[in-house]
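What follows is a structure written as structure tokens; I'll ask about it next.
When the chains are written out, they are named A, B, C and D in that same order, and each has its own residue count from 1.
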Amino acid sequence: MEIVMCFVIGFLFMAAVYLMLSKSLLRIIIGTGLLSHGAHLLILTMGGLGGSSPPVVAPGVTDYADPLPQALILTAIVISFGVTAFFLVLAYRSYQELETDNMNLMRGTEDHD
Amino acid sequence: MKTNDVILQTTTKVIFFIIILFSIHIFFAGHYAPGGGFVGGLLTSSGIVLLLLAFDLKTVSTMLPINYTVMVAIGLLIALGTAAGSIFFNVPFFTHAFEYFTLPLLGKQSLHTAALFDAGVYLVVVGVTMTIIQSIGEDE
Amino acid sequence: MINLLLFPILLPFFFAMILLLFPKKLFLQRTISIVALALTAVFTIILMLKVKSDGIQAITLGSWPAPFGISMVSDMLSVLLVLSSTIIAIFVVWYSFSSIGKERESFFYYPGILFMLTGVNGAFTTGDIFNMFVFFEVLLMSSYLLIVLGGEKVQLRESIKYILVNVISSALFVITVAYLYSVVGTLNMADISVKIAQIDQPGIITVIAVLFLVVFGLKGAIFPLFFWLPSSYAAPPIPVLALFGALLTKVGVYAIMRTYTLFFTLDQGFTHELLMVLSILTIVAGCIGALAYFDVKKIIIYNIIIAVGVILFGASQMTETALMGSVFYLIHDILIKGALFLLIGVIIAITGTSNLRKMGGLIKTYPMLGWTYLIAAFGLAGIPPLSGFVGKLLIVQGGFEAGNLWGSIFILASSLVVLLSVMRIFIYAFWGEPVQVIKLDSIQYRNLFTPAAILVGFSVIYGVGSEWLVPYMSDAAEVLYNPSTYIKAVLGGA
Amino acid sequence: MSFVYFIFIPMIAALLIPFLYKKVCGIHTGWFVLVIPVVLFGLYTTLLSNVQHGESVTSSFEWIPSLNISFVSYIDGLSLLFSLLITGIGALVVLYSIYYLDKTREQLHNFYVYLMLFMTAMLGVVQSDHLISLYFFWELTSISSFLLIGYWYKRDRSRFGALKSMMITVFGGLMMLGGFVLLSIMGDTYSIRELIAIAPELANHEWFVWSLILVLLGAFTKSAQFPFYIWLPDAMEAPTPVSAYLHSATMVKAGLYLVARFTPIFASSEWWIWLVTGIGLLTLFWGSFFALKQTDLKGILAFSTVSQLGLIMSLLGAGAISFHTGIEDNSIFKYAAFAAIFHLVNHATFKGCLFMIAGIIDHETGTRDIRKLGGLMSIMPITFTIAMIGSFSMAGLPPFNGFLSKEMFLTGMLSIPDFDFFAFDTWGILFPIIAWIASVFTFVYSFYFVFRTFTGTYKPDFLPKKAHEAPFGMLISPAILGLLVVAIFFIPNIIADILIKPAVAAIQPYLYSSPEEIDIHVSAWHGWASPELWMTIGIIVIGFLLYWTLSKWQPMFEKIPKWFSLNRIYDKLMDLSETGTHRFSSLYMTGYMRSYLIYMFTAIVVLTISTVFIKDAFDISFAMLAPIHLYELVIVLVLVAGTITVLTAKSRLTSIIALGSVGYSVALFFVIFNAPDLALTQLVIETVSVALFLLAFYHLPKLNRHENRMKFRLGNALVAFGVGAMVTIVALSAHSNKLVRSISSYYEDTVYSEAGGGNIVNVILVDYRGFDTLFEITVLALASLGIIGMIKLRLSKKKEVNRNENK
């Protein structure tokens, strides 16, 4: 199953990057969403998908799923939630100020002279 | 519209309390079963969001006169305070203390400083979600 | 006080929360943030003295044994970085009083800075690779807050780019940690070092090393990952720029230095060679940019990139001299970049533009500013006895010792470009025919100039008083060169 | 006495100057400043007797003892000679400047601060025994020279010249530092004396030639040798006292000093001899030739300085030959070093004098353009007399000191073909020929300088001012130097005993152990049979003819194409550094985020994947895999389908909802992989996120209209594929290399007993790794603060309002 997951994750990353390279800001943010999904699944996969029961202590169970990656993912999920929320509001404010969501129109001048 | 609102508002109030209760349950279950401050907090805030949908923003803020930024700050302070308590005992930061008790009816329970920490998490999560939703909502 | 090493993280953290309770009370906001920073500085100095006398301070949180809880480690390198970051924050806050404006001050500006310092200090101190990620996020999130605060058009536009890049680098960070966890099954940095040594750094670890270089390189703006930096940094107001310019890239540089001396030491022929090549290319890219623009902000911003290259060149040599040079140069660069950004802030405030071609003749009306700038500029270029010299000298020497003749000569030659770029500011802004300037009222000018000048004074003392610093620097370099003391401090015994 | 502290006296005094300038307005600040060089000169003369007997005076103070970096003042013959020059000429220059610079119009405090800074720097250069302190003072000379050249900072030419001189000399300095560091590593010491002591061991080191070349780069740039001389003519924008002091008498000789000082270390190398002699001679010729092209008095003198520096340089190179020939065969080479020092002293006197003359003419007529000048002889007779003395000495005529050293120079060059090492016996014949030709041009430009200015017709219409003789005070300094020029001719051997022999002994320690051993006697007359005499006669005759016909052939210089000049190279380089870099940088710094992302992703992918293959790290292991269930595949399909929908959706609403579906399938994965906490969190978060997306989206109705499907772009797709492939490849390899058992079993063992909990994930979050959680919620809190700031604080609106109000 891990091998399948590796490909799924790769696919998610590919889609995420493709979206990030587009010019619509909303798509870019959606891309970051896919990116974090990919990353979270990857952490889980890297910990190993074996383990027959959830990491909640129960009598008689010895084969727990690796709890450490799960804890890491939880932290990562929360953080990416914060970032996504922030990013969304930023996009929303940019629409208001710059009146576009096209990245190509947000070039900004590198020159001042 | 108005009459419909009354029905919606009444049901919402009921659902709101159910959600709050459920979220509190989830919160306390966290240490032994799936759940915890984070999910609990999110559930609570979704309850409040439900209120927001049923009533308008003003009514909700009179119903729940909470400054969510302060709530966030207090949540953080509780979390930090719990962790920092250990500094006064000169043991490493974040050292928790717990004791198992056997209570009538509830059976074996524990009293755990970690729960206090989780309460901080809970408050922060509610505060943050509400701040975000409120500020976007207030903006026209 | 076994928790002493946490104070530089927890103090700004605690006071930042306090500040959240009354965002509109500006006087309190200002006073408390200065007090918080001063306290932090005091505790950091105490910590530094303790590290000096008792060796590396390490603690594993929650009273758990070492690889299982999160370890925090304060060795000389990290405590020095923490101290200089705190100092920069103090000056930036002081400078902000009369430059940032009441509006920003009442929207969590000071808590933002304190939280950022929390993140920076945490990233320097942590001994756990995933915890480092978390601290990175803290400092990034506060930097998002600060870069966009004010909501000006440029800020919004550039924040998008800035955040996007950092979201990508955070995702890469997480997956790299996941890869590493898969191979060595641990997150504690000392433990990782031990485990990698056990398995003799197989190819996959080298791949992970390259990924770490990429992740931290994105933060540290090395070639070819620096593209996002110049325009993003130019967007926020000067104090924020100073804070970013002085600190944020340094966190990336620190992380590279830490991982490349602690983890990935067994395949130096590949990893460190790559680091060296990239650092030289970084210098080239920085030099091109520093010369290409006639914008004072841009010139100094590109100099950040050059400095990153120089520091990493030293780190890639893996000789004790070069590592010590890198540490010397790293701290120097934090101080001098902070000072320079504040100084050009004063220039911009006076002239109302950041375009060099619209400036001129300031030396006549603002002679002290001119001379202070000149000293800072020479310090940046590494003219003795100012602060940049000793670090560069040691880096070059270390490079020669490692047999990289051309690399070291190149580092020397790059100083010339640095000098040219900063002298251009001097020649165009301070010399020449005076142009119309905004008449700053003298109190405001003094309030802006004083912190900048004192910071320059610090950097001069840093250079002239190098002798007092050498014991600290050599301790820091010693840990990098010979990380076994670090491992021992964390894991005990062995 | 600790002489090391005296070095800093001018610098410390400089701190008082601005104060004096402000408080004592009645008196020209220069009078206070004058005290410093005079006193120092007096102090250094007290050492003369010590040094004559080959003694030296050492003193030091530590700067960074832990790194062995300190200031060491080591005064032997060579250092003392230079110290006396610096303070002596310094005193004369300050005196001259008092009359030259107007105390009401000029910012005198700046001028004297720079000048004193320079004096300290220069004393430091010539006295430092420690390589690093030598470098320190070396750069300080460049900086003070920069400030002095840019003294009239409003003039374009001043700024240009200042920057140019700084760029070139600092470049040299940096290279020299590289050479020093190499030497210090090879010899394990920073002390020049110690390096000299172990010089034979150094010679075999692989870095020896490297360090030699790097050190020479420093010397050549500072001493304006070919092709680096180009900064010197532009440095003439400095006030004339500065030109006289820095750019003829002292700073430009720092390079010569360096070569002299390092001769004992490097003399064994043929590189050294060839480079120093060859470049010196080339510079000599080049400078003397192009001096005739100049029309600015100071320009002529600048090129003349370049040429004379070349002369001295070549003599130092020839002097190094004596290392190979030894003293026994009484060869002529041992004269070369002597001649070099002798000429260095003479040059300081006559060139300093001439610069001051040029300054006087500028000051009194308002121009330095030789085409506008002429016939000043009768108006400025004293000036003319002094100018004659200086020029004739420069031309190498008796009875002036320049004649003596020029003769010795010719002697040295004539002997070079005799040297039968390093191919000198074949190519060496070129040396005397070039030397002779250059001497002819020297003769011509000396005449050109003095006679075009003072004879011919007086052209008052061209002059901005009405010419008259200079005030007395201004004439004192050049007159003193003129007197010296004559005096040295008559008492050369006394000067030699006091000053020159001790210096020569320092350069050639392998020949002499004390100055008294040097058996060189200067005489003006070598007999009819000496070839030098005939060469000199030839120089005078041919030189006179050329000067006579100058107006015929001078226009030839105009025919030299413009691109054929070294200045062009510098200008091109500077242009490249401005517009070139700008153009280049604009190629990739486009401002488009997309291009930056493409560069970065490409770099990351290429770096990582090539590392995978170089290190042969790719690996798929089928061990330790979890089994694949059908329902898992179904979720995989759902997830992939959701992702594809995101990619292809036409409306943004669809892509948001599809993103949600991807999120929910991730939650399902968490369920089946035994991660209930994650599943719960993911579900709630996904819901809130989708709500947020919609909320942000809902507020933007006007953008809905022009929605369309993303166009397929191959470039983007390739980059995206690369990233995906990279992630997969590394993931597969990392998973197949689970080389160490994870630490997580510890948590399973201790969670109940020691942490008091049952849900391991939650306990990790609040206890084992609670620190992560504490800061994770901080990140959340920060996000909300940032959002409040973004929504509520809108400075751009406010700015616009302000702008409208101001209108």
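Here is the rule we go by: a residue touches a chain if its C-beta (ideal position, glycine included) is under 8 Å from a C-beta of that chain, and two chains touch if they have at least 3 such contacts.
This one's a predicted model, so the numbers in the text were calculated from it and none came from an experiment.
Asker: What chain lies farthest away from chain C once each centre is taken as the mean of the Cα atoms?
Answerer: B
Asker: So which has more C-beta pairs touching, B-C or B-D?
Answerer: Higher contact count goes to B-D.
Asker: Express in whole angstrom the distance between the two chain centres, defined as the mean CA positions of chain B and chain D.
Answerer: Distance between chain centres: 64 Å.
Asker: Distance-wise, how many Å sit between the C-alpha centres of chain B and chain C, to the nearest whole number?
Answerer: Averaging C-alpha atoms per chain gives centres 38 Å apart.
Asker: Express in whole angstrom the distance between the two chain centres, defined as the mean CA positions of chain A and chain D.
Answerer: The separation of the two C-alpha centroids amounts to 49 Å.
Asker: Rounded to a whole Å, what is the gap between the Cα centroids of chain C and chain D?
Answerer: 27
Asker: Please list all residues of chain A that touch 2 or more other chains.
Answerer: Residues 20, 38, 40, 42, 45-47, 54, 56-57, 68, 72, 74-75, 78-79, 82-83, 85-86, 89-93, 97, 103, 106, 108, 110-111 of chain A each touch two or more of the other chains.
Asker: Can you list every residue of chain D that touches 2 or more other chains, as numbers and ranges?
Answerer: Touching at least two other chains: 582, 585-586, 589, 591, 593, 597, 676-677, 681, 685, 688, 692, 696, 699, 727, 731, 734-735, 738, 742-744, 747, 758-759, 765, 767-773, 776-788, 790-792, 794, 796.
Asker: Would you pick out the residues of chain B that each touch at least 2 other chains?
Answerer: Chain B, residues with two or more chain partners: 32-34, 38, 69, 72-73, 76, 80, 93-94, 96, 128, 132, 135-136.
Asker: Enumerate the contact residues on chain B facing chain D in the complex.
Answerer: Counting only chain B, the residues touching chain D are 26, 30-39, 42-43, 45-46, 49, 68-69, 72-73, 75-76, 79-80, 83, 93-94, 96, 98-100, 110, 112, 114, 117-118, 120-121, 124-125, 127-129, 131-133, 135-139.
Asker: Where on chain D is chain A touching in the complex?
Answerer: 582, 585-586, 589-594, 597-598, 601, 620, 622, 624-629, 632-633, 636, 639-640, 643-644, 646-647, 652, 655-656, 659, 662-663, 666, 669-670, 673-678, 681-682, 685, 688-689, 692-693, 696-697, 699-700, 703, 710, 713, 716-717, 719-721, 723-725, 727-728, 731-732, 734-735, 738, 742-744, 747-748, 751-752, 758-761, 764-765, 768-769, 772-773, 776-777, 779-780, 782-784, 786-787, 790-791, 794, 796
Asker: Write out the stretch or stretches of chain D touching chain B in their complex.
Answerer: 676-677, 679-681, 684-685, 687-688, 691-692, 695-696, 699, 755-759, 762-763, 765-767, 770-771, 773-774, 777-778, 780-781, 783-785, 787-788, 791-792
Asker: Okay, in this complex, where on chain C does chain A touch?
Answerer: Contacts found on chain C: 130, 134, 137, 141, 144, 148, 151, 153-154, 156-161, 163-164, 167-168, 170-171, 174-175, 177-179, 181-182, 187, 230-231, 293-295, 298, 354-357.
Asker: Over in the complex, which chain B residues touch chain A? Could you list them?
Answerer: Within the complex, chain B contacts chain A at residues 32-34, 38, 128, 132, 135-136.
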